[in-house]
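Structures follow.
Below, subunit A partners subunit B and then partners subunit C, in two separate complexes.
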Partner chain A sequence: MSDLQSQDYVRRSASTMTPPSARSHEDQVAKLIDVSRCIGCKACQSACMEWNNLRPEIGHFEGSYENPADLGPSVWTLMKFAEYENEQGNLEWLIRKDGCMHCEDPGCLKACPAPGAIVQYANGIVDFISDKCIGCGYCVKGCPFDIPRINKKDHKSYKCTLCSDRVSVGLEPACVKACPTGAIMFGSKTDMKDWAGERIEDLKSRGFDKAGLYDPQEVGGTHVMYVLHHADKPSLYSGLPDKPQISPVVMAWKGVIKPLALIGIALAALSGFFHWVTAGPNEVTDEDEAQGERVLREAESEKSS
Partner chain B sequence: MPMTRREFIKFTGLGLAASSLGVLGFGASGVAQAAAVRPFKLTRATETRNTCTYCSVACGILIYSMGDRAKNARSNIIHIEGDPDHPVNRGTLCPKGSALLDIVHAPTRLRTPRYRQPGGTEFKDVSWDFALDRIARLMKEDRDQHFMTKNTAGTTVNRWTSTGMLAASAASSETAYLTWKVVRSLGMVVFDNQARV
Partner chain C sequence: MTRPKTVIIRYTAVNRINHWITAICFVLLVLSGLSMFHPMLFFLSGLFGGGQRTRAVHPWIGVLLLISYLGLIIQFWRENLVHKDDIAWMKSIKYVAINDEEHVPPVGRNNAGQKMVFWSMTLLIPVLFFSGLVIWEVYFGAATSIPVQRVAVLIHSLAAIAAIIIWVIHVYAAIWIRDSVRGMTQGYVTPGWAWRHHRKWLKELAAGEHGKPTIRNRP
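Take a look at the complex of A and B:
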């Protein structure tokens, strides 16, 4: 193999090959975003842009603390600010760092038709390999969290890489490192779940009895998890899906119709082959030839007359 | 290329068969290709410790520059992040600190001392020699005129109250010690530091 394999991957878009899986003893990584400790300072946003060399165009004030207004091809993480009035009539400012969740069962990868444009590494990171991206936008449709964005200039899809370049050399992602309040933590998925457990216990002891971990099992769990004070109502946090689901269209197309079509193609080829073996090719008799010649002559004489 | 209808159908059929085989997992479309992460951009970059220029918290930062300081390589700052060994911030930075790279390379950044003459309306770029000479001259004149050796009660005070000094926060303890010594040795009492804010 001439290809350099810099990191083991376990899933690859639009490919039927089996990924190399012998080196399976790799720890899964995870980022834990503790919403209850976040102050919305946007250091993570700055650090993300700085590390990934992203400079979106300077926008306009849209009447909200969100800046820029939405994720984009050059905005891979965005602080979202939601104002919520709780049962006691008090205002709660729910601030959530939005970005790719790095699903264990990624909808974008399932929907992607370009071989190798989306891969999942053994550590759980879902990465877009830009030179193989064809910009079709299926990943946008496939994503249960509405994360990927297509760049209009180069027609490629972009999203958070969980700083796969930093993680592959043993560093934490840029946003994690910058966070001044420790609201973003990074480590093995097991450690992050343990740490989340401690945080949830603490939140519960302080009156947030619905506090919990957001690690939705509908997509097989995620490698970016949230500690929420209102884990029973994730949608309070700027529309975090209560039950994230890969679009049924993608599931039907890639899960049912595509395999059926492949079986159809294979069956057509096989039946053609067996027909050729048993019945043989269509023979043209002398009578057929003569008939053909006669029809042709008649047509020509009609044309000339 | 002249082609009969029969040949055309044969060729298109072959093409269809080949692509169908590809879809079914035979042939080149299933070849494993490397899924390479973006190369780590700091592998041999020069790492320099410094202090963030912004506020009085004085976070430790690591400045990464291109090249290994060889004679023919010009260093250029390519990345700045928090210093994990610094007791103040332990690697973290605020949004402004995280974006320090863009103040280093800002086109509007001040690169030379600027001077506006008394009564003048415009700033103009001047040399460091000019600026330091002028500051020293004005300080000397003011000190000669207003330095007090004794107060009204006759007690020796040796103070100079008509000029003040505002020092930066982004300084090491050693720099702060030297600043203190220089300022106090002149008898200056109006002395503040942004780190006290």
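Take a look at the complex of A and C:
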């Protein structure tokens, strides 16, 4: 998304200073996707394309309702269809709207090396400021949900913006507006949690005793949450991570190693400097030159004799 | 100070050109690489025309560095083979550090420190190249899985830091041991330099073990 509002940042990629955050008196928002009410109509996918002016290339039929086959630079949300045979031997069709989860502690933002290319607003939305993106793909490595996709033409990374442009003027995201069954809700995070609680109670009363809310605390919670009928096994839903977390490899790379590396390099350079100041340069003396010449001369005279 | 009439060719023109191509590539890689490593150094990307161009050009310089360094390996591997004298040199490192070379055993063409720089780079540059390929988003972004890329980027950073530290040592040693830089720019050293720092090598040269044309009149 474009840089519509830059005074309500709570996080800013590759920044060692406090981001501009004066206008941060905002509610945390959340999108609640109630998987149990989704009919897989893909109205949300169409609405996303429509509002954001996205037109992915027409692909091929892959033998699945999933279409296109994967998220992409122009596919910011995608219905994923999983067939699951439950304990009673009945088929369950688990349909999940995939896309950016808008983590409270975003791995993409942590990994990003370009200052301000990824920001998080006070309302919790994680947004890519594309003109600052350098196309390195570090966000792809940082993300625990495999969401960002790099465009091969402009070398920029793209993902769902949670319609930050709409939200900033008090509208709900396009997918929410389009959903015909009310499976996608949008509001303050507290309201969404309350609503999810009612839905879960209802699901439990109808025999889904493992129903629950997907708001993974490993990433500090998310601003896109799911109501799942099988909250004990999120991976049933086309590989939704059971315990999403920023990879420890990424944490090491973006955590301790960064300062340690600079300290190490600085120490090496400083050791050199102070060695120079104390031991000083190692210079060839006249005596050395005389000795060196002597060795060469003696060898020469030996050969000629 | 006496000005010796004869000098010793330490590095041929091919050696020197190859070395400086490597050096230029390395410096450019350090600058562009560090800009993508630490936010405080992102400004270095300005030297390359911005973040996008830095990201685009860095891997290509890396390819050039690998090719160039292979040339150095071909030219210098033999003289860097580890010898038992090197252990004696390492044991006398404290005399080396205080410029007291009379207490250091005579050194051949390269001392153990120089060999350490050579072999460290010989290990690190291919590691950097291959880990770099894995994270070269434009061409190989889809070639490996994301967990593999995460490990590759960590290895790439660690190897780069190690290489930078080795490079700092290399550059400082060249400044510290006076007239070494001239060996790699104009190609020659004086007999006194050879006597002081590589006495065994000087004696080998005098005995004609390295061929005649290495000793010539001063330019």
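One rule holds for everything that comes next: the second predicted complex is superposed on the first by the 248 of 305 C-alpha atoms of A that agree within 3 Å, B and C clash if a C-alpha of one lies under 4 Å from a C-alpha of the other, contacts with A are read in each partner's own complex, and residues count from 1 in each chain.
Criterion: a contact is a pair of C-beta atoms (placed from the backbone, for glycine too) under 8 Å apart; a residue touches a chain by one contact, two chains touch by 3 or more.
Just so we're clear, the structure is a prediction, and the values are computed from it rather than from any experiment.
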- Message: Let me test your reading of the model: by the given contact rule, A:129 touches which partner, first (subunit B), second (subunit C), both or neither?
- Response: first
- Message: With both complexes superposed on chain A, which partner does A:47 reach: first (subunit B), second (subunit C), both or neither?
- Response: first
- So, does A:115 touch the first partner subunit B, the second partner subunit C, both, or neither? both
- Message: Output check: A:138 vs subunit B and subunit C. Expected answer is one of first, second, both, neither. What do you get?
- Response: second
- Of the partners subunit B and subunit C, which touch A:58 in the superposed model: first, second, both, neither? neither
- Given the touch rule stated above, what does A:168 touch, subunit B (first), subunit C (second), both, or neither? first
- Query: Between subunit B (first) and subunit C (second), which, if any, makes contact with A:277: first, second, both or neither?
  - Reply: neither
- Task: Pick one for A:22: touches subunit B only (first), subunit C only (second), both, or neither.
- Result: neither
- Item | Which of subunit B and subunit C A:91 touches, first, second, both or neither | neither
- Task: Would you please give the residues of subunit A that touch subunit B in one complex and also touch subunit C in the other complex?
- Result: 15-16, 115, 132, 262, 265, 269
- Residues of subunit C touching subunit A in the complex: 1-2, 4, 6, 35-40, 42, 45, 50-52, 54-56, 97-99, 101, 135, 137-138, 141, 146-147, 149-151, 153-154, 157-158, 161, 164-165, 168-169, 171-172, 175-179, 190-197, 202-203, 205-208, 215
- Contact residues on subunit A for subunit B in the complex? 1, 3-7, 9, 12, 15-17, 19-20, 41-47, 49-51, 115-116, 119, 121, 127, 129, 132, 161, 164-166, 168-169, 174, 177-180, 182, 262, 265-266, 269
- Inside the complex, what are the residues of subunit B that reach subunit A? 17, 20, 23-25, 29-41, 43, 79-82, 84, 89, 91-99, 101-102
- Residue ranges of subunit A touching subunit C (in the complex, touch as defined): 14-16, 113-115, 132, 134-138, 140-141, 146, 150, 152, 155, 247, 249-250, 252-253, 257-258, 261-262, 264-265, 268-269, 272, 275-276, 279-286, 288-293, 295-296, 298-299, 303
